[in-house]
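Per-chain residue numbering starts at 1, and chain names A, B, C and D are given in the order in which the chains are listed.
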Amino acid sequence: MLDKIGIAKRIAREVRDGYYVNLGIGIPTLVANYIPHGMNVVLQSENGLLGIGPFPLEGEEDPDLINAGKQTITTLPGSAFFDSAMSFGMIRSGKVDLTILGAMEVSENGDIANWKIPGKMVKGMGGAMDLVAAAKNIIVAMQHVNKAGESKLLHACSLPLTGKKCVKKIVTELAVLDVLPEGGFKLLERAPGISVEEIVKATAGKLIITGDIPEMVID
Amino acid sequence: MLDKIGIAKRIAREVRDGYYVNLGIGIPTLVANYIPHGMNVVLQSENGLLGIGPFPLEGEEDPDLINAGKQTITTLPGSAFFDSAMSFGMIRSGKVDLTILGAMEVSENGDIANWKIPGKMVKGMGGAMDLVAAAKNIIVAMQHVNKAGESKLLHACSLPLTGKKCVKKIVTELAVLDVLPEGGFKLLERAPGISVEEIVKATAGKLIITGDIPEMVID
Amino acid sequence: MNKIVANADEAIRGIEDGMTLMVGGFGLCGIPENCIAALIRKGVKSLTCISNNAGVDDFGLGLLLQARLIKKMISSYVGENAEFERQMLSGELEVELIPQGTLATRCLAAGYGMPAVFTPAGVGTEVAEGKEVRVFNGKEYLLEYAFDAPFAIVKAWKGDAHGNLVFHETARNFNPLMAMAGKITIAEVEELVPVGSLDPDHIHTPGIYVHRIFQGERYEKRIEQRTVRKPS
Amino acid sequence: MNKIVANADEAIRGIEDGMTLMVGGFGLCGIPENCIAALIRKGVKSLTCISNNAGVDDFGLGLLLQARLIKKMISSYVGENAEFERQMLSGELEVELIPQGTLATRCLAAGYGMPAVFTPAGVGTEVAEGKEVRVFNGKEYLLEYAFDAPFAIVKAWKGDAHGNLVFHETARNFNPLMAMAGKITIAEVEELVPVGSLDPDHIHTPGIYVHRIFQGERYEKRIEQRTVRKPS
């Protein structure tokens, strides 16, 4: 079973040289730490920056320089600032190659729910609906089951949707799965030490298993 | 009867302090020379400039700095450059207070034709269709009659239209006229030495004359 | 052109009870601190605020909420704000949530004279309820309308008497967009510079979109999530 | 990111006969002189060029026309160009005229992922023929579609290996818009500068929109209408 860092490491292997990537809050943010050295990747922050650098050193925080999670950040050489319309413009026009974000639920046809739980205080969708509706490649980083032990990979989402038919790939603590265009979670890899049976048990939606399922490589 | 400079001078009196103004090619360009000193007016060039200055001195021409008529220009302090989308954005959203342009024909309901003569080589509408469709106040500077002696103020335009119901005011060598929202050219002023009868004769469209028509003041 | 006003109190004249205001900023970054304080001093009530976020309890738009001056928030994310939550749950405060890119694009539409725009954000979700859906090239889009607000309040880094504005880093965010979208746009700047000293190639918001400008005082520029790394 | 290519000939690889190209510039101002020369050397035929203007007889896109490489021009104003006129009247050259603001906005739409936009330009004229008209707030608008072109060729003042671009004065014009609209965008710059030397606050076109970049040679930057005033 993977911890959060393991999930982030596995997702980092999906990143390709030359990619522009938008990382959501939480596990996705960790992915930045595991992108292979020498690979040219530019991180986009939807509040108006291409070229996110590491967090600043203590005393070097700049209140005018934050990421979409409102955290203080730095920039890398070659970065560019722009307004929010251009930021979502480049997302909507498919210039951002990959979006990695968390989810509460994903359905077997690629629907995603990650912004609202009825009866609980709703903070808002922020940029999530724009990202999932527009990004050309979306990977979800999440736990396979929720705290109550229920699967988050469902036949249909029970929570209000963030977007329809948009998730392409899911990486959880148990497995890597593709969401097939025709519907269904296709099991690609098992986490180290996890059996196919455990994944079957943790997956409520349609799971497609073909042939041997290799154990994932994360380092 | 006014010459071109007289028309430009009379139109300059329509400009108000604080206006942003777009000037078309020809007589409208001359208007800039007669805006009263001390009046704060910013000229917009639709190829991406606010703050057009005078033509450059010989030897100071800058190939990167031209107006919409492709002439070399200069800028004034406080000028700003922008792209063509923002340029037409500010026109379309009504931020440009006044547009002054020439015309081949204007109809009594405010239609304007100034881009195409069937059978002749068509150069294109450039920004004229955007300007007439979007500007909140349009003044036409033109000759009252064409070279064949025919009126250019018509019941309906005979040439292909540039825009519908958009002209608010017309200044010719003979007169100043408002185009009424309900239709008709309302005669406001006569050019020096021109009689109402001469204007009636030169106007083919519906002309509205109420009370005494004063002679225009241009200096 | 001289659009300089003396201070924030003069800048917000004409803003009355019940009006809709566009307010620039993302989180606490690039927010018009001086104008927010002036609105509280003036005590204008029942405001509708269009702003990506709603501040925190004791800073930003949260100060207007504490003073109970806001009737409705139109935002993409309202964050962690106890007073906001209390007012919302008690029904005192109305909240309309809009996807962030839709919010930005509806501002752009207003500034560029486009009455409506198409965006895929929210298709198939509750955001789409009651909205027109249209298919282009096999993909569904929602029709979203341009904002139409009497006032916009923005914060810039530098500005001049013509109203030309330059923003700094990610404090740009929604500010240039809201500046374009207000019928009357008020800009507060950290530094008011002489006309002619801003490079005309590097003006983010041309003065034609700005109606009043002043140099703000004592910017706190509070950091919402101070995050640092260890020296390596 | 290193998007630098050696020269114009390498930059235009993949441009084939019959393709549609977006070409930046207004008049002869801000045009990609080196790429135009390379297209002539390569001799790609039957091009459709989307460009605000069509150059003059012996400069700019006029050179492509002279070489008979253009099948169709999509422009707002084609200006004074005898060879253009001859080809058009003889039926060799197809011309589609588009209002200038519509041209700009259709580029913006492509770059911002908006499939279509509404504009009042051309309502009630022959430009409106066959187009959808829609009324918003009592005013008529035409529905105009985003451009969809495989290549855009633009000219900038400065640029870096990431593809970040800065334009100079009115040579900006359509260049940043077309840069956003191309599937593959080629930028030629007067000066290629080291990564990190452009101020991130003042980049007009972020590198994400640019795929190939090179420093052009021997810019002529011809002036179309040299106009001067007398010393006073």
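One rule holds in what follows: a contact is a pair of C-beta atoms (placed from the backbone, for glycine too) under 8 Å apart; a residue touches a chain by one contact, two chains touch by 3 or more.
None of the values given here were measured: they were computed from a predicted structure.
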Would you kindly say which chain has the C-alpha centre located farthest from the C-alpha centre of subunit C? B
If you tally the C-beta contacts for A-D and for B-D, which one comes out higher? B-D
Can you give the whole-Å distance between the Cα centres of subunit A and subunit D? 36
Would you mind pulling out the distance in Å between where the CA atoms of subunit A average out and where those of subunit C do? 28
So, in whole Å, the Cα centroid of subunit C is separated from that of subunit D by 33
Can you list the subunit A residues in contact with two or more other chains? 49, 75, 81-82, 85, 88-89, 91-92, 134
Can you list the residues of subunit D that touch 2 or more other chains? 105, 108, 112-114, 119-120, 167-169, 172, 200-201
Interchain contacts (touch definition) - all pairs: A-C, A-D, B-C, B-D, C-D
Taking the touch rule as given, give the residues of subunit B at its contact with subunit C in the complex, in rising order. 18, 20, 40, 42, 44, 49-51, 75, 77-82, 85-86, 88-96, 134
Subunit C to subunit A touching residues, read off their complex: 26-30, 52, 75-80, 85, 88-89, 97, 99-105, 107-108, 119-127, 157, 167-177, 204, 221-229, 231
In their complex, what parts of subunit D are in touch with subunit C? 105, 108, 112-120, 136-137, 139, 141, 145, 166-169, 172, 199-202
Note which residues of subunit B are touching subunit D in the complex, please. 45-49, 54-58, 60-67, 69-73, 75, 81-85, 87-89, 91-92, 111, 121-130, 133-134, 160-165
Sort out for me which residues of subunit D touch subunit A in the complex. 1-2, 110-114, 160-162, 164, 180, 195-196, 200-201, 203, 206-209
